[in-house]
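Dropping the structures in below, format is structure tokens.
In the two assemblies presented below, chain A is common to both, partnered first by chain B and then by chain C.
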Partner chain A sequence: MTERYKTAGPDIVHESFGGDLVVLNLRSGQYFGLNASGAALWSAIIEGQDATALSADDTTRQMASDFVTQLLDHELIVRDDLAGEGAPTASISLVPPPTIEAYDDLSDLIVADPIHDVDQNAGWPKLPDAQ
Partner chain B sequence: MAEITGRPVIADQSLSGLSLTPQTLLEDLADLFSRAERAFDCARHSRTYGVAGEVFSVFSDQEDYLNAVDLAIWSQPPETAASTRIFVGVAGENGCPSIAWRAAHFEERQVEALLAPTRYRMHYFHPLSYWQVFDRQTATGLQILNRADQYPPWDLGSPLRNFLQWHLASRDGALIHAGTLGVADKGVLLAGAGGSGKSGTVLSGIMAGLTTVGDDYVFVTPSSLRAHPLFETLKQDADGLARVGLTNHPAIPANTNWQDKYQFFIRDLGLPDLPASLSLKALLVPRITGQARTELYPVSAKEAFLALAPSGVTQIPGDRPLLYATAAEIARRLPCFRLDLGVDPDEVSTTIRQFIEGI
Partner chain C sequence: MTYSVAIAAYNAAETIAETLQSVLSQTVPPTEIVVVDDGSEDATAEIAREVSPDVTVLTQPNTGCGSACTRAIRATTCEIVATVDADDFWLPGKMQRQLDLLEASDDRTLVFAKHRQFHHGTPDMTSGAVRPGLTRSDLVFRRKVFEEVGPIFDPPGGRGDMIDWLARAREIGCPFKIIDDVLVMRRIIPGSLSFGREATKDAGYLAVAHRAIQRRQARNRDRQDQ
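And now, the complex of A and B:
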């Protein structure tokens, strides 16, 4: 069974620096650093390649699976059940192992997504009296 | 800066009360700009600023606000007719529409993503009902306040900043939150979060004879790697002023701003003429170390990017993906260095001068 993914929408932006990647989730304000192996996996995954076939043996397959889980946990990718089977699958070297580092010290710099309840009649930002 | 006065005041309030909803946002914004035409016609004052090669005309009844903009904007003599016009007004007064958000939630990123492919940009600072809306197709901006004195506390340090970004985005560049220092035409960007020593380094540098095109936001074109000035504003705490002997300088106001810093302007420091732009040669990431001597070490583009991008991406709504990508391009194209600051401002400035002259 194949597993295909895509980035979690336009809030996910990334930039490459040498082999490394910095990914920003604009919705949460969180920055993530991916090493070269992680960046290669990221590129393959968001191109729609089958995530279960990106590595050559059981050990690296588990690494790739764990990495995908981390990307999902950080809400950087989502499952793409509508993707077709046509995307090519390439084996990726996972030496050194893929890593993803959350730059938590930067996340407090963004308040990109304030959500506020409103009084339906008065309109936002008036808070409902009950609050 | 040109000044026009004597426009009539409109008494009727029929333009008040435009509702915006996520479902009808594009139609609502088109309606807003249509209604706002009268506000431009009726504004009693206007100013024209030449910024980064573009000409911005600002119309308002709020003369005090325009006077504050005069102080902060780094304006050069306009060489062409205005390419952009901006109205600043109080909701419901003299033809200025008022706006209300009519939805259960306001999610800024959701609204940004919705508007990203369209002609419009929008910012809503909800605690003060402060709106900024821009039509990129007609280069028309509206800044609508709930009351004349209700703008965010940081606004007067970099007034109209979002409009500058939204218009200048069409020019292969973006606003970058960084300080600058230069020697003749060659310059460096200094990037870092608050407390990194960036502003103190810029201030000590210009007092030691280096040039600058600003210490808050600059407009950078990555293709040519040139930095253009936007604002004259400098901010420094009392200790920082004392370090460079500016404590009793007439440019320093009596009171501090919302950050407990003294906010003042480059033009009031009596410096020699400053450049219209700088050719960028390096990106420096300053760090206060307490060590005796200033030292520079090469760092990766990734490390420099993480110092350069976050504050600008945070502070400027509407174009965040572009700001992120532009900061990355700048970090990739410039040599990047960590700047470990020594304790002597003169020694810091001398080191930076020698670095710029040698690069």
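And now, the complex of A and C:
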């Protein structure tokens, strides 16, 4: 039985900064810091790789499974068994164990931030196309 | 109480006159207004100069909203500074209310207000969503707070500069106070919502979040060293 996932919509964005992966929920303003093992798992999971086959042995399989549960609890991924059937399954080293830290100190600021466009060509604001 | 107004503007020819008129029409008018035109390709600078001889317009090659705003703030001289985006506008009693609150507050307080959203090009100024205004257009502060927090950082893609600056202010203990009335109108541009989920722009928010994580790690290291 395979388990495949995708990110929980366009509000979930992520970027790698050196060894750190940051995942951000733009709608809630909550953000997450993942260590290198967590980042490797995240990449494989959102590519649609089978989450039950991401780790090399029983110990790390449980770790990977717990990590998937955390991502689900934080509403960062959703089950998507239809997608990614052809994606390769990789075995990922989970040393050190994957971690994900959740932060909400920026939430009120991110939610309040203007949606103003600062497009290079259009300026602030971008004018309606009709004008 | 005297105050300065600092405005960064980029290609805001359509809107900056309305912004400046709302500043000049305050029941407590500003002592000075400084606009930094951040390399606009339109008539932003000329229009700003035409609105009033009391508006000082500085021009520079495009550097980003945060650094343009930093330059505008540093070019002002009053102890109290208010900022506003070049497409939003203030209601007439905005500064009076905020100055009263600032005077009654701790020196390091950042005073905000609520704002109501409106759609560019429509006359409807009453039905838009009301939000607690933790944004540049709602903000009033004392100059020394700005220098204590430091310059506004421009994240890649241009979004999130004020999130970063306000987060840094809060981390060093500056109290936030939000007046519970709508004192600012925030312009929403049709079509801009789709830009809200554009990867190159969202990169700014992610960079700001990463900077917050790095500051937290540095604070934790400092604590361990003590």
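The rule is short, and it goes like this: the second predicted complex is superposed on the first by the 110 of 131 C-alpha atoms of A that agree within 3 Å, B and C clash if a C-alpha of one lies under 4 Å from a C-alpha of the other, contacts with A are read in each partner's own complex, and residues count from 1 in each chain.
Keep this in mind: contacts are C-beta pairs under 8 Å (C-beta built on N, C-alpha and C of every residue); 3 or more make two chains touch, one makes a residue touch a chain.
Since the model is a prediction, treat every value here as computed from it, not as a measurement.
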| item | value |
| --- | --- |
| Contacts of A:A102 with chain B and chain C, given as first, second, both or neither | neither |
| Which superposed partner A:D11 touches (first chain B, second chain C, both, neither) | both |
| Residues of chain A at both interfaces, chain B in one complex, chain C in the other | 10-11, 13, 15, 17, 20, 22, 24, 26, 31, 33, 103, 106, 109-110, 112-118, 122-125 |
| Parts of chain B lying in touch with chain A, wherever the complex brings them together | 19, 100-110, 113, 116, 126-127, 129, 193, 300-302, 305-306, 309-311, 313-314, 317, 320-321, 324-325, 328, 331-332 |
| Residue ranges of chain C in contact with chain A within the complex | 9-12, 14-15, 40-42, 65, 85-88, 120-121, 131-137, 158-160, 162-163, 166-167, 170, 186-193, 195-197, 199, 201-203, 205-210, 212-213, 216 |
| Chain B partner contacts - residues on chain A that touch it in the complex | 9-11, 13, 15, 17-18, 20, 22, 24, 26-27, 29, 31, 33, 103, 106, 109-118, 120, 122-125 |
| Residues of chain A defined as touching chain C within the complex | 10-11, 13-15, 17, 20, 22, 24, 26, 31, 33, 101, 103, 105-106, 108-110, 112-119, 122-129, 131 |
